[in-house]
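Please go over the structures that come below.
Shared between the two complexes below is chain A, which pairs with chain B and chain C, respectively.
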Partner chain A sequence: MSRINLNDLDPSFKHRVAEQPGGQGIKACFACKACTAACPITAVDARYDPRKIIRMALLGMTEEILHSDFIWLCSSCYGCQEVCPQNVSFTEVMFAIKNLAAAEACVPPGLTGQRLLLKAHGRLYEISDFENEKREKMGLPRIKEHPEDYDALLG
Partner chain B sequence: MEALLYLGCTVPVRNLNYEVSARLTAERLGITFRDHEDFGCCGYPLKSLDVRDTLAIAARNLAIAEREGLEICALCNACAGTLAEAAHVLDHHPELKEEVNLRLAPLGLKYEGPVRVRHYMRVLWEEVGVEAIQRAVTRPLNGVLVAPHYGCHYLKPSELTKGFDSPDVPKTLSGLIAATGAQVADYSSLKECCGGGVLGVSEDVANALAAIKLADVAGTGAHALVLVCPFCNVMYEGQQKKIAKAIGLDRKVPVVYYPQVLGLALGLSSEELGFKLNRVKPSELLNIVEG
Partner chain C sequence: METDALIVGAGVAGLWSAWELALHGATATIVEAAPYPGGHVARFCCKATGRCQKCGACLLEDVLRKVRGSDRITTLLGSTVLEASDTDRGFDLTLLCRPPRIFPDRCDGCGACTDVCPVPGALVQSPFDRRMVLDQQRCLRFQGGECRACEEACTRGAVNLDMPAQKIPVSASAVVLAAGFRPFDPLEKPRLGYGRVPGVVTAAELDELIRTDKWFPGAGASRTRSVAFIQCVGSRDAKIGRNYCSRVCCGYALRLARLLRSRYPDIEPTMFYMDIQSFERDFEARLGEAAREARLIRSMPAEIRTGSDGRPEVVYEGMDEKRVAEPYDMVVLSVGISPGQSLGNLCSTFGIDLNSDGFLGPDGEAVTTSQDGLFVAGAVQAPRSIEDSVSHAIKAAAAADRYLRRMANREKQ
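Now for the complex of A and B:
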């Protein structure tokens, strides 16, 4: 990582994270690294490191975090928050950070695609006649889509 | 007991073997599942984009259940986790509940809460119980060895699962397997994440995670890996061929759903339980049970 210039840091970032639902605990971190030790993603890809992400967030490295690829590598297994001695819900903190990135349109394309599917079908998979006929052959009830509700909720 | 069966997105399209075996085993054990045609996605896929959208979508499903006066029973770990978490958050944060209800109002829905949400395994464990399952078994699965896989959202966050199972020393799925007469394989990566949560972002990272357990379970000689979540299934069954090629694994790991195993022990046939839809065939297991 390149040298950190203190003048470029954004001290408000940690407060923005803490204001998101689930982001409240971030300021309690005392950097023990239990989260990183418990993280199955860190074990296979060192780009993703929970403790490092928290330190970056607390320092206010907003741009480096929001425009990074690594924040999207969290598998949301909740392993980190189960072991945190400070009760930081780090999985939820990661969702808060990803939400802030998404608000600035820094999102992997697959995720925006899922949003469009929900607006169009109310589900990740379209229910066609083919699907319902297959279900009926196995004695299972037909399924209906409710795209109007999902479209209304998601605006 | 009676509950609304919550299918989610993946199970009713891609995992009909899970759905059909869950329905048949529930019926045999005195659980009445009711369907509701208004249910849709639980909201989990949107959580990375906007937690508030996830809460609103989850609350829509919770409000439908509340109107029916019934609890929700889900087959997918992510659906069960997301809906239970949303109920927990809304029940403890009146300001978020108010915000969500403003969004639900145009749909003619309102969430007051609480609404109970449980995974089918939790319903089996808590409402039926291991002893009653043992008594209902007509064909004990003697000689069958299987490896349980719980999945992350089955056990965590422990704030939601306390009183049911422990993320450190999980025991419920093993107990439910043992109730069928099958043996439970012991292996070191029992609590490993399947990687499904990052498949859409990095297939390499996701496969690297799933590979750990597949290699481990192959080494135990188990006749199958037993799952209770369609996301985990995408990784261990759907991605298995690619993973095996990448790591040079020459032994196939058959993948089954727990209700399929339970159904065999309750005397149902592999045909009724949708085994023809299992893509990595548990041939050895079925030979032992059905001859």
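Now for the complex of A and C:
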């Protein structure tokens, strides 16, 4: 990691995270590393490290966090929350951080694509004839490709 | 029975309060629920490595000798406070005194009774001699059962289950509560493997094994070489309602590690911690020495599981940011100090409240409570080391003594 310049840090960032629903716990972290040791994502991709993300947020490395691609790697398995002795609720903190990133239009293009799919189809993948034929064989109704009510729900 | 001060608990704090009050000329009666005095400290070993490590365990033997030699102090073992009421002259109390169930002059500590006892921990060896003692708060017979297994197994007629317990009224001018603490039960943290993974023990268990000369590293391939100490087990844990530092575990884990190494130089201790906290004098120097002998890893394990070779495996995030699953020959959980189990009873008996951490009495270092003439001493009020318990107990005794004098003066007038 490159050198951190204290003048570039944004001390208000931790407060912004803490104001988000679920983000309140972030300031209680002791940096004990139990969350990182329990995280299945860290095991396969070292860029995602819960303890480090908390430290970065507490230091105020706003740009580095919001513009990163690693904050989107969280699988929301809640393993970190399970082992945390300080009730940091890190999975919720991640949602808070991701919401802040979305508000600042820092969402990676892949995720934007997924969101559009969700909006258009009501699910993360298109329903093709393949799925519907299978469903018919099992006596299940066809799935509508463009349910009207999803548009209303998603706005 | 009349006494100047009634002291609840014959641990190091209670004994020291009693001794200090006796020094000032007061009479003291100590009420202890266990069948032997000394509390937890009676089961701790001396941690000297050829040089004193200042663990404080010897402070107990010291004060026990003093208390036994004092004619101003009465000690009632196997006894508890049933009721207490305030009067204008102090407290009127009712004690439940249970006679000793094993005659010390007949018992030779053969252990035949323990072998047949269905309740683990009900019959234990006294920490001071080889004789057995019966914990009447665990024994089935005194919980309404009919078991007489130990009596039937004893060949020397030392067991006596029939002498009735007595209720004794006592009036005391002051009461010192020194009921001590409860070691954290690691079953509350199942991910640390206690009771499930072989080779995971608590530091208190290891301490007692060393004290009674029952711990050896073994020989050959199964010799214990690598030992992991896990810190903050039941301390600084908001999730289980113990969001305080127990203040003693860093110190005792480092001392145990050094003790093991000085006896068996091939033992390699590792300590997993989140913060090293020091509350004692010269701690920095001790830490420096320990750091040369032990591997200190700032990382709390996520899990302790049984490894493929049957040894306990500690899963943690290493210093080089790699996930590590490391096998150890033994994992020692540095269990913290939890509020004592009798505190709820004491609160309702004496009409006082628990403090913010769940201990008895006020926050901070105070020895007085919301009740006049009622004092707290030692780890009953907050996590304390042996040394700190002793100084807190002396402070409590001094406050109780001042109170007794004030009361005596008032009566004269």
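Going forward, the second predicted complex is superposed on the first by the 133 of 155 C-alpha atoms of A that agree within 3 Å, B and C clash if a C-alpha of one lies under 4 Å from a C-alpha of the other, contacts with A are read in each partner's own complex, and residues count from 1 in each chain.
Keep in mind that, in the parts below, a residue touches a chain if its C-beta (ideal position, glycine included) is under 8 Å from a C-beta of that chain, and two chains touch if they have at least 3 such contacts.
No experiment lies behind these values; they were computed from the predicted model shown.
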Just to be sure I read the superposition right, which of the two partners does A:Y78 touch: chain B = first, chain C = second, or both, or neither?
first
Touch test for A:S12: chain B only (first), chain C only (second), both, or neither?
neither
Partner touching more residues of chain A, chain B vs chain C, is chain B
Touched partner set for A:E131, first chain B, second chain C, both or neither
first
Which of the two partners, first being chain B and second being chain C, lies in contact with A:K33: first, second, both, or neither?
second
Of the partners chain B and chain C, which touch A:A102 in the superposed model: first, second, both, neither?
first
Quick check on the superposed pair: does A:Q86 touch chain B, chain C, both, or neither? Answer first, second, both or neither.
second
Could you give the residue numbers on chain A that contact chain B in one complex and chain C in the other?
79, 82
In their shared complex, chain A is touched by residues of chain C numbered 191, 232, 236-239, 243, 274-275, 298-303, 315-317, 321-323
The answer for chain B against chain A in the complex is residues 7, 9-10, 12-14, 16, 19-20, 23, 35, 37-38, 40-41, 45-53, 55-57, 60, 89, 93, 96, 103-104, 106-107, 152-153, 156-158, 167, 192-193, 195-198, 200-202, 205-206, 208-209, 274
Per the touch rule above, chain A residues touching chain B in the complex are 20-22, 40-41, 44-45, 72-79, 81-82, 89, 91, 95-96, 98-99, 102-103, 107-108, 110-112, 114-115, 118, 122-125, 127, 131, 134-135, 138-141, 143-146, 149-150, 152-154
Within the complex, which stretch of chain A touches chain C?
28, 30-38, 42-43, 46, 49, 51, 79, 82-87
